[in-house]
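Worksheet: one structure, shown below.
Note that the chains take the letters A, B, C, D and E in the order they are written out, and that residue 1 is the start of every chain.
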Amino acid sequence: MNLSWVLTTLVFSPLLGIVVLAFMPKTQEKAIKFVGFLATLPALALALAAYAHYLAGKKLSDFTIGHEWIQFRGMSGDAPIFSVYYELGLSGFQLLLVVLTAVVATLAAIAARYVKKEWKGYFMLFLLLEVGMLGVFTAENLILFFIFFEITLIPTFFLIGKWGYFEKEKAAYSFLIYNGLGSAVLLIVIMILFAKTGTTNIDLLTKIMADPSAPLSGDLKLGLLISLLIAFGVKLPIFPLHSWMLKVHVQAPPSVVMIHSGILLKIGAYGLIRFGMGIFPAQFETLATLIAILGVINLLYGAFLAFIQSDFKMVLAYSSISHMGIVLIGLAAMNEAGIQGAIFQVVSHGLISALLFFLVGVLYERTDTSLIENLGGIAKGMPIAAGFLLAGAMASLGLPGMSGFVSEFMAFLGLFKELPWLAAVGTIGIIMTAAYLLRAVLGMTFGKAHREFIGFVDLKGVEFVPVVVLTALIVLIGVYPSVLSSPLQATLETIMLGLGG
Amino acid sequence: MSFDQFQSLNWSIMTPEFIILAVIAILVIMDLFMPKHMDRKILGWIGIAAILAAMVSVFGMAGGHVESILHDTFRLDSFAIAFKLLILGGGALVLFLATSYKATDGLERYTGEFYYLLLSALLGAMVMTSSGDLITLYIGLELLSIPSYILAGIQKDRLNSNESAMKYVINGGISSAIALFGMSYVYGLTGSTNLLEIAGQLSMLMDGQQAYLLGLSFLMILVGLGFKLAAAPFHMWAPDVYQGAPTPVTAFLSVVSKTAGFVIVVRILLTVFGSAATNGPGSIPILLDMQNYLAVIAAATMIIGNVVALRQSDIKRMFAYSSIAHAGYLLVAVTTLTSNMFYSIWFYLLAYLFMNMGAFAVIQVVSEKTGSTKIADFAGLYRRSPWLAVTMGILLISLAGFPGTAGFIGKLNIFVGAFAGQPHYVLASVMIATTVVSYFYYFGVMTQIFFRPAPAASEGEGEGSKFNLPFGIVVVLIVAVVGSVLFGIMPNIALDFMHNNLDIVQDFFS
Amino acid sequence: MTLTGEFFAFMALALVAIIGGVLLLNLNKVVHMVVALIFTFVAIAGIYILLNAEFVAAVQVLIYSGAITIIMLFGIMLTKPYDDEGESASNGSKWRRILLFLGVVGFAFAVYVGIYNFPIDQVPSNLHENNTLEVGKALYSKYIIPFEFVSVLLLASLIGAIILAKREDKEGDSK
Amino acid sequence: MMENAWLIPLFPLLSFLILLLIGKRLREASAYVGILLTLASLVFSILVLFERFTEPTYITKFDWLTIGDLHLTAGFEVNQLNALMLFIVSLVSFLVHTYSKGYMHGDERFPVFYAYLGLFTFAMLGLVISPNLLQTYIFWELVGVGSFLLIGFYFYKEEAKAAAKKAFIMTRIGDVGLFIGMILIFWQTKSFEYSEIFRAVEAGAVSQTMITLTAILIFIGAVGKSGQFPLHTWLPDAMEGPTPVSALIHAATMVAAGVYLVAALFPLFQASQTALLTVATIGAFTAIFAASIGLVQTDIKRVLAYSTVSQLGYMMLALGSAGYVAGVFHLMTHAFFKALLFLAAGSVIHAVHTQNIEEMGGLWKKLKFTGPLFLIGTLAISGVPGLSGFFSKDEILVAAWEGGHPVLFLLALIAAFFTAFYMFRLFFLVFTGEARGEQKHVHESPSLMTLPMLVLGVLAIIGGYVNTPWFGSFLGDWLVDGNEALGHGHIEGPAWIMIAATVVSLLGIYLAWLIYGKRSVARDWLSGAGGTLHTILLNKYYVDEFYQLIVVNFVKGFSYFLRFIDVFLVEGIVKGVAGFVQGLGITGSKMQNGQVQTYGAVAFIGLAVLAVIFALTGGYLK
Amino acid sequence: MSSVPASAFLALALILFCIGLYGALTKRNTVIVLISIELMLNAVNINLVTFSKYGMAPSITGQVFALFAMAVAAAEAAVGLAILMSLYRNKKTVNIDEMDQMKH
């Protein structure tokens, strides 16, 4: 059976929703929201089908698709034609991220029920964003990757700038400029690779770079890797490139933050793993210590700052920084445990932060605040929401049995093998994570209620869907990590092969 | 030269020029004999028809061999065809804009003149594309410039228009004098005005002092012609002129005139200086040796254009700076001097044609509605006219160079060139950094359009605040958006046409 | 370099041309400036003759000393300018002048380095023979195409100049 | 049966899940779900325990997580220690489940309470059945969460919130030690399996330093969980939770997990004298340290809490002195009598609605059932001969002496004296004398609550006879059976130790009786003699304050410092760059002054500069 | 042969060019500015005519070029003056430094 249509359909299926929405009257709020939600389903279904396909033991390469797309000619004598292909594919790693994206997108579409105005525009942009995200994770060459990467920027800019909170425009600009710079650096890297090798196909590049006779000097490669680190460091974000992300987390509407924190930040990690580590393994090794240090700084910096925030969104924002530090730590370990931990962390944090931000949205919807102090004692009025919040926090602080632990554990397991002292410093982060999360979550849910929470409705109806699905997935990964680790084996082997391990 | 000889020349290669020339004559006469009160718009439509006819004939010539008559004073090569298409396309869109332009401030009396002056400027641009002779090139340049001066000032009752024309003519005069001064030395060192002959002579250049003088004339020509491109440091006229000129003229200046500028720059610099030896035959050509100067100018242009654009509150001024910035990007392609340069410049100009024309169409509509050209006038456009807003959004995104649009592919193309062969890391970095800076002002307009509320409907506008889009504008917008998106997603439509039919590299030097 | 009549003629003409130019820069009355420039233009015509370009010289006298100067004078009359080209320049423009002067000097220096002892072997030419005829031949054969385009150019500038300079009869036109 | 031991933890998990989903509808019937399922666990545990008496260790595992070539496994193991722990945990848990039905009656979050209990029991049973360090760690943390949830059960109380937070974070600090130790030992032995680790250690595949390091790190985990100094402060605060919880978690089971962990990893500790000494020292110090604080506390539960800390210190001392059997033995007896004490205390609180012993008194007559049971517990903990505490404590003292730690032995002896004193101080203040404070409607607790106490009372008395110098050391022999590395089943010590211990505890009781029972010695005899000392003790040696001052403030201060960096440095640089670009723009637009001649001048000067540069750099002139 | 070297003519042209340029960029009266530009073009023409006689390959082309330049210059001057007229009609000034309605 020819399955090459699957990925194209998967990636572009949200466009269907955009088209339908374009022809809907903009006043029909319910219908628009429903259509917006429905439009995310085909991608979800296909993503799950692809996962099932994998589970059935079939090859993921069945999905690969490639077409000629753009040719640049006449660059130089020896490589006269520079071709860019339209090529999509799936590896185990990509599959996981695609499933994650599809799931979070669908749930975020549900969370978008809190949108108060101009639903039509909101969902059109939202679906465009989903196209971008799905494309990013399925693209098989760097230029295509870059294109999808940039496609995510514009809808996000508008979603933040139009539907966000008080300082939305500032946040949107901050987002745009930082990410613009990041992608600019990325583009330079891609173009240099393209110009030097004549291809941007990732697998091909990996092979070319592994060849000692590659047309790039070691210094250039190192420079390119550092640039990649900066480019994806903005996205991840790595200290000190993080300040945009705080604004976005605080100002963007909940469903966008779910996407943003859940998926968009992960593009940075994905890029670092797939391109940074995949294409420049030897140089990555040179930088491993630096990356580990950056990771520990991220971890601690985020954790300490999260400890003194008064707005729960800020706590989560800094917590994201902290958690991305774990990704870096895992990567810097350069061994299977570390890398697998990093990838786990990518998926796990995606789910956890989506859950937490959804709950923030729920709370904000009802109380108009996300300040910890103002929310104190909300467990009295909304016990279920508070319970899930606590569960989310527990997952986030790495409670065993939930996904956060597995990833944190493996990342540290990896790093302890290579750089035990640094890892030991990093473990302070584990304590701090518990400290700041409990401070924040208990501050909101426990204690004496500062005001009457009577009349506030607890979680209800469709709101349960995201919460329960996400929690279930978090627990599933925590209890049975093989759901993630088995598709990853092939990816890991490839990477380890590149690392010479 | 006998009449037979004269007849034996292959005049058919000048068909597009003849079409335009004939229509100019017809329009002059029609304008003269038409009753005063009659609407001159019909002249505009005739002009559009002529341009389209010329385009068809240019298309028909694609794929042929290099043809030239009268010692290359007119030559038709792939380069000429490729860029003539752009110029004609731009001209047609400008005429569409012009037919929809609400003539005021003195223009209403001269709409007829407006059309054929525009056509004669267009003719000048066409001449510039297809000539291999300094004299013809110079005449073409002036044939483009002088009607442009007039067009900029044609709203003679409006002070901004007068001022704009005045500034344009003074700066234009100075710059063409400088360029001509440089050309005079080139002539002096070779005794010929034929570019290929010059090239042949100069490749034998032995004398150091001659090479030195040639280097100086290179700089003079570059700076003098840089005026047309609005490249730094000859860019400063652009904002004032763009702001003061009637919107269709601004569009013409920013698209057609700039395209023509690049045509002549590439034609002269590449042919003359691409082969001029610096140190005896076989040594490195002056052009390559001067790459750093080119790079400095390109970088300065990009930086100034983008950075100063941040401060603008007038949309036309902002677009003037934006067009300066785009000239900078194009200069990057020129600087790289790979053979891909032709294609990347051409494609970028194509993309630029669509996106800028469309943007000016929107500007024209909005500024006619509000009577001013402030960026703040765009506030709430999304509410008032979603389609117009989305159109503008797409065009701005293309200008900013985001994927999915032609602007992105254009930039990509330039980038590949910048790294292929001798890599230009610094220049490319400046380009990309300034591109990011440009997000600020492009998205600033978007902020107005999409985020800001419309100003309180004054004087009971109500339904009146809807925009009614004239046919010409609609055509331009559709073409612009379709072009921007189509060539953003399927750039190979254009690239393949180029590669399959027009072998510029081969043609250029033969 | 021998002291020939040609040399003296050149020196005299060059001096006149340059003095005319300097006066242009230094006179106060606008009309005087234009008159000073007429000297320059005429002197340049003389230079052309020295260079065996009789036809160009004639055209120079006709166009520059004649037509252009005259319309410029008309322009001055029509616009009633402030008579004095005052030096009431602001501080900014003073700086501009200084910088500009330095720029001009630098530029002149750079170019002068190039043309000093211009290393061209002089080849005997026969330009003076039937100069006008030769010019005509070149114009009407080899350069017929630019020549024709110049006609379009002149037409366009004619029309343009008319419509811009025309005094509008506002009432009559705005029906 | 042993192959089905994995079911034991699953029953409480089932209870947790059921109650989470439909607890709200079941209301107080939730208790039956919990009780029945824990009973099932108990029954299974007993069966397993008995089977283990005769059969060898059972172990099974499967791949849980694959990392490249590394296969991390999960599974379960039934060895002597595990089987014993399974029994203790499921027994106490069952009893507490039953007791709570009465104690928690009327609470609006009754089902939640049972759900949490189920979760905790699941985690605790999972912990003791784990065959490898990783799995231990996982349940270790889960146990912590269960404890956290239950401490914070009265979430609307600020104190409960603070206590829960503190418990979690303090134990987490210890957990990190365990975490690091576990990973370090993993990279040394390439396995988390206990058996693999022991084999590697035995084979000398791990360097001595590494063993010491990992052992101490793992011990830090135990310190956190078992409330050893310096991470003990959370345990007394944890008394904010409902009293049955204190009995289950903070007396009998979870806090003993630290001891269990050290016991389970005993061969590792044994391989390093330094590690053992550390364990012993910390244990002994904690024992006397906590006991001294217990002397002056006035909250009934806090007294018991400090007593718990102290007793845990004893166990650590035993283990550190190579008294494996003594430690485990005391763990068991302590579970019985401390659970009993807590339940009895709960019963008292239930009756008088206060926890302050100064407001109690004279309850002996009113609580006919609770009083004697409390006395049994008190006697047992005080080490009065014949009761369980006596035997186990004696074992520990012997171990300490024989282990060659005379100083520690002395400390332990003093601690025993303190223990006897403050326990009886507690007893006398609560049950004898006149009633102080308002005591209305004081009534005995319902039988649902007293029956579990009774069971525990019996065990507190007879529990010690499984391992006595007189009737044979059945427990000890069984525990070390087949594993000589753990030491001997019974250490023969000099007889004077037993006498000394008895004398010391009787002295303590006597003194308490003098002060609080007979009141022939003034109560401020002690406090008067050493006012400062009393204050210090009352304030628990100011450890909390010290932590607040140093650690918390440091963390806060550091955070604010980082915020400063974040706001001024990181943002500042960004603002600087943006400002630079803006400034450039302003300059550029200022240059654009509308003067056409300026434009020309700029252009020409640009050209001139280029030309001059060209000329000066030589151009092509030779 | 000629006794006056080509350099002399070229130098004259250069001087006139510079004078014209300086005038065009400093004089306040727009008419003078325009006429200064003419002077610059004249200087170019001197160059062209000089090269027509003394160049590498002397030819009539230089003179033809000069003629074209003159024609264009005349047209430019006329147009420039016309623009000045229309500006003067609205602004009543020919001072170039007062034409700064549009700036920044």
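As a convention for this text, contacts are C-beta pairs under 8 Å (C-beta built on N, C-alpha and C of every residue); 3 or more make two chains touch, one makes a residue touch a chain.
What you are looking at is a predicted structure, and each value in this text was computed from that prediction instead of being measured.
Looking at chain B and chain E, the chains in contact with each of them are C, D. Counting steps between touching chains, the shortest path from chain A to chain E takes 2. Considering every other chain in turn, the ones in contact with both chain A and chain B prove to be D.
Taking the mean of C-alpha positions as each chain's centre, the chain lying farthest from the centre of chain D is C. Of all the chains shown, the one with its CA centroid nearest the global CA centroid is A.
Chain centre most remote from that of chain A: C (centre = mean of CA atoms).
Judged by contacting C-beta pairs, the busier of the interfaces C-D and A-D is A-D. With each centre defined as the average position of its C-alpha atoms, the distance from chain D to chain E rounds to 95 Å. We define each chain's centre as the mean of its Cα atoms; on that basis chain A and chain C are separated by 69 Å. Chain centres here are Cα averages; for chain B and chain C they lie 30 Å apart. As a whole-number value, the distance joining the C-alpha centres of chain C and chain E reads 5 Å. Residues of chain C in contact with at least two other chains: 93, 96, 100, 104, 107, 110-111, 113-115, 117-118, 120, 143, 146, 150, 153, 157, 160-161, 164.
Residues of chain A found to touch two or more other chains are absent.
In chain E, 20-21, 24-26, 33-34, 50, 54-58, 61, 64, 68, 72, 75-76, 79, 82-84, 86, 89, 96-97, 99, 101-104 are the positions where the chain touches two or more neighbouring chains simultaneously.
Chain pairs that touch one another, listed by label: A-B, A-D, B-C, B-D, B-E, C-D, C-E, D-E. Every residue of chain B that touches chain D in the complex is listed here, in rising order: 166-167, 170-171, 174-175, 178, 208-209, 211-212, 214-216, 219-220, 223, 227, 232-234, 236-237, 239-240, 278-279, 286, 293, 296, 303-304, 307-312, 437. Residues of chain D touching chain A in their complex: 63-70, 134, 137-142, 145, 152, 155-158, 160-161, 164-165, 168-169, 172-173, 175-176, 179-180, 183-184, 186-187, 555-556, 558-560, 562-563, 566, 569-571, 573-574. Chain contact summary for the complex, chain B toward chain A: residues 338-340, 342-344, 397, 402-404, 408-409, 412-413, 415-421, 423, 425, 428-429, 432-433, 435-436, 439-440, 443, 446-447, 450-451, 491-492, 495-496, 499, 505.
Within the complex, the chain D residues that touch chain C are 593, 595, 597-598, 601, 604-605, 607-609, 611-612, 614-615, 619, 621. Partner chain E is touched in their complex by these residues of chain D: 589-590, 592-597, 600-601, 604.
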